[in-house]
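Okay, got some structures for you below.
One chain, chain A, links the two complexes that follow: it is found with chain B in the first and with chain C in the second.
On to the complex of A and B.
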């Protein structure tokens, strides 16, 4: 399955990147293709391309704040959680993404 | 400058005897003051507590990642304390905290981008279970640094 996502937290220095790492590791464990864009203090990194969004089976937003470019995901299946959820139970979260994408 | 060489060994406190969250924060902040990252310890402590009030910084597995952003930070950096006795700290899994990684970030990102990028790479490492496991086993400064090479 192809997953694209965005992570962003309030200060933009720690949770954003920890969530990114946790989501990517959990998804790779299930053999998924995954890319998580980070919107932190240093700005946007690992930015998602139009094609990647188009090809994705599901979009995961692990965000505590308003992100830029949310309209890019219009028409896609989107799951939105806090960074805490992504950090606490990444495996459960990825399992849920599979469920939502398959439904 | 790469991630490993950016770690200032003076900011790694191994087997720290802090008994409370406040004490752990103060100890790390003092080391960041001594290395010139932070100019005003009390002011920075306030910035850290302001972030604490916004949400839980214990990320599970006995690790906490408090952080503060403010004018008292002249050079972004971080300090690590491994604690002799686990302490009470709000966390996602209610486990007591054994490792505290404190990030200090300046108000302005001007001239600080390289540091901020390093901090973000470093934060990412903390999302890796293998790094956390190695960090919890670390008995000296070298082993703390090695943990991030996983």
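On to the complex of A and C.
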């Protein structure tokens, strides 16, 4: 399965990147193709391309704040959680994504 | 009603605004701190020939910090309504400053102007030829005039009164009350390691800082600074008791968590706490309670709301700040070293799997 995501937290220096790492690790373990864009205080890094979004089966937003470019995901299946959920239960979250994408 | 509140996403909008505000407060805060450290005072206006370099610094920083109600208002309105929210948020925030409704006024103004902008965007329909007028004239004018006038004639006065009362109350607190407030802030700021409780307290203490009360935010950040260092110190204290409390992987984690703590990032120690949640939180909370209380009682007031050790030079009393960090580090370290159980150095790799994780609350997931 192909997952794209965005992570963003309030201060934008720590949770954003921990969430990115946790999601990527959990998804890779299930053999998913995954890419998570980070929107920290420094700005957008690891930016998702149009093709990647188009090809994705599901979009995961692990965000505590308003992100830029949310309209890019219009028409896609989007799951939105707080960064805390992604950090505390990444494996369960990815399993949930499979469930949602499959239905 | 509950559904409606959830949909309104109050917290997300406030956090978004705070995320835009923090760099501004840090930038302006450091400038005013340097200016004031060399005797500069923030001026109403800089008249050519009538100010020196440090007065200029203090004034630049002071003007920046004085804009906080406007910044928070703009940020909230932007989060709610997107780009069209910026103009009404800014105008309403300035109205809040003008009527002395302060930071709390700015927060209220942000929500009001943001939702008005959103309402206008959603419900005001114009003919095709007028589409261009929508973002340039109709939304900014309607949303600004309604929310700014509401600010001036409805919310502003009671909020200004409340803000003045709260400020006077906190400034006049005895040391016993300071001790209590510091202790409570210390505990709440660390119990969830940068999670929602911490962020709520953070919003509250930032409000106080915008009113010129710097103690509480200093207490919160010094606790965040000291906790990871405390976990590092626990390793050495435990060695004195001939105990080994961390496995190999945790020691590697600490090697980055401690320097992160020095610059105010507490999150590096999350993996350590996750391995022993109850004991980790107990040690952090007891240390935080003492550190927070020390900060408030000794009066280590930093003008910037972030930076860890970098906050020290901006404090009215840097030694007090240092003392608070030391107290917090030692107590967290000592408590953790004592209550943590012995572990073998070569611990089995922790199983990183779904069964060990907390269940996800379905309320926390939003699918569209």
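Remarks
Keep this in mind: the second predicted complex is superposed on the first by the 103 of 103 C-alpha atoms of A that agree within 3 Å, B and C clash if a C-alpha of one lies under 4 Å from a C-alpha of the other, contacts with A are read in each partner's own complex, and residues count from 1 in each chain.
Going forward, a residue touches a chain if its C-beta (ideal position, glycine included) is under 8 Å from a C-beta of that chain, and two chains touch if they have at least 3 such contacts.
Only a predicted model underlies this, so the values are computations on that prediction, with no experimental measurement involved.
Looking at the shared chain after the overlay, A:66 reaches chain C, while chain B stays out of its contact range.
With both structures placed on the common chain, the touch criterion links A:93 to chain C but leaves chain B unconnected. Which of chain B and chain C touches more residues of chain A: that partner is C. By the touch criterion defined above, A:44 lies against neither chain B nor chain C after alignment on the C-alpha atoms of chain A.
When both complexes are overlaid on chain A, the residue A:1 reaches neither chain B nor chain C. Contacts of A:101 after superposition: neither chain B nor chain C is touched.
Contact with both chain B and chain C is seen for A:18 once the two complexes are overlaid on the shared chain.
Legend: residue contacts after superposition of the two complexes on their common chain; A:81 is shown touching chain C, with no touch to chain B. When the two complexes are laid over each other on chain A, chain A has residues 10-11, 13-15, 18, 25, 41, 64, 84, 87-88 in contact with both chain B and chain C.
Residue ranges on chain C touching chain A, taken from their complex, read 12-13, 15-16, 18-19, 22-23, 78-79, 194-196, 199, 202, 260, 265-268, 270, 306, 352-354, 357-360, 364-368.
Listed in rising order, the residues of chain B touching chain A in the complex are 51, 54-57, 59-60, 65, 67, 69, 92-93, 103, 105, 109, 113, 116-117, 119-121, 123-129.
Residue ranges on chain A touching chain B, taken from their complex, read 10-11, 13-22, 25, 38, 40-42, 45, 64, 84, 87-88.
On chain A, the positions that touch chain C within their shared complex are 9-15, 18, 25, 41, 64-66, 77-82, 84-85, 87-93, 95-96, 100.
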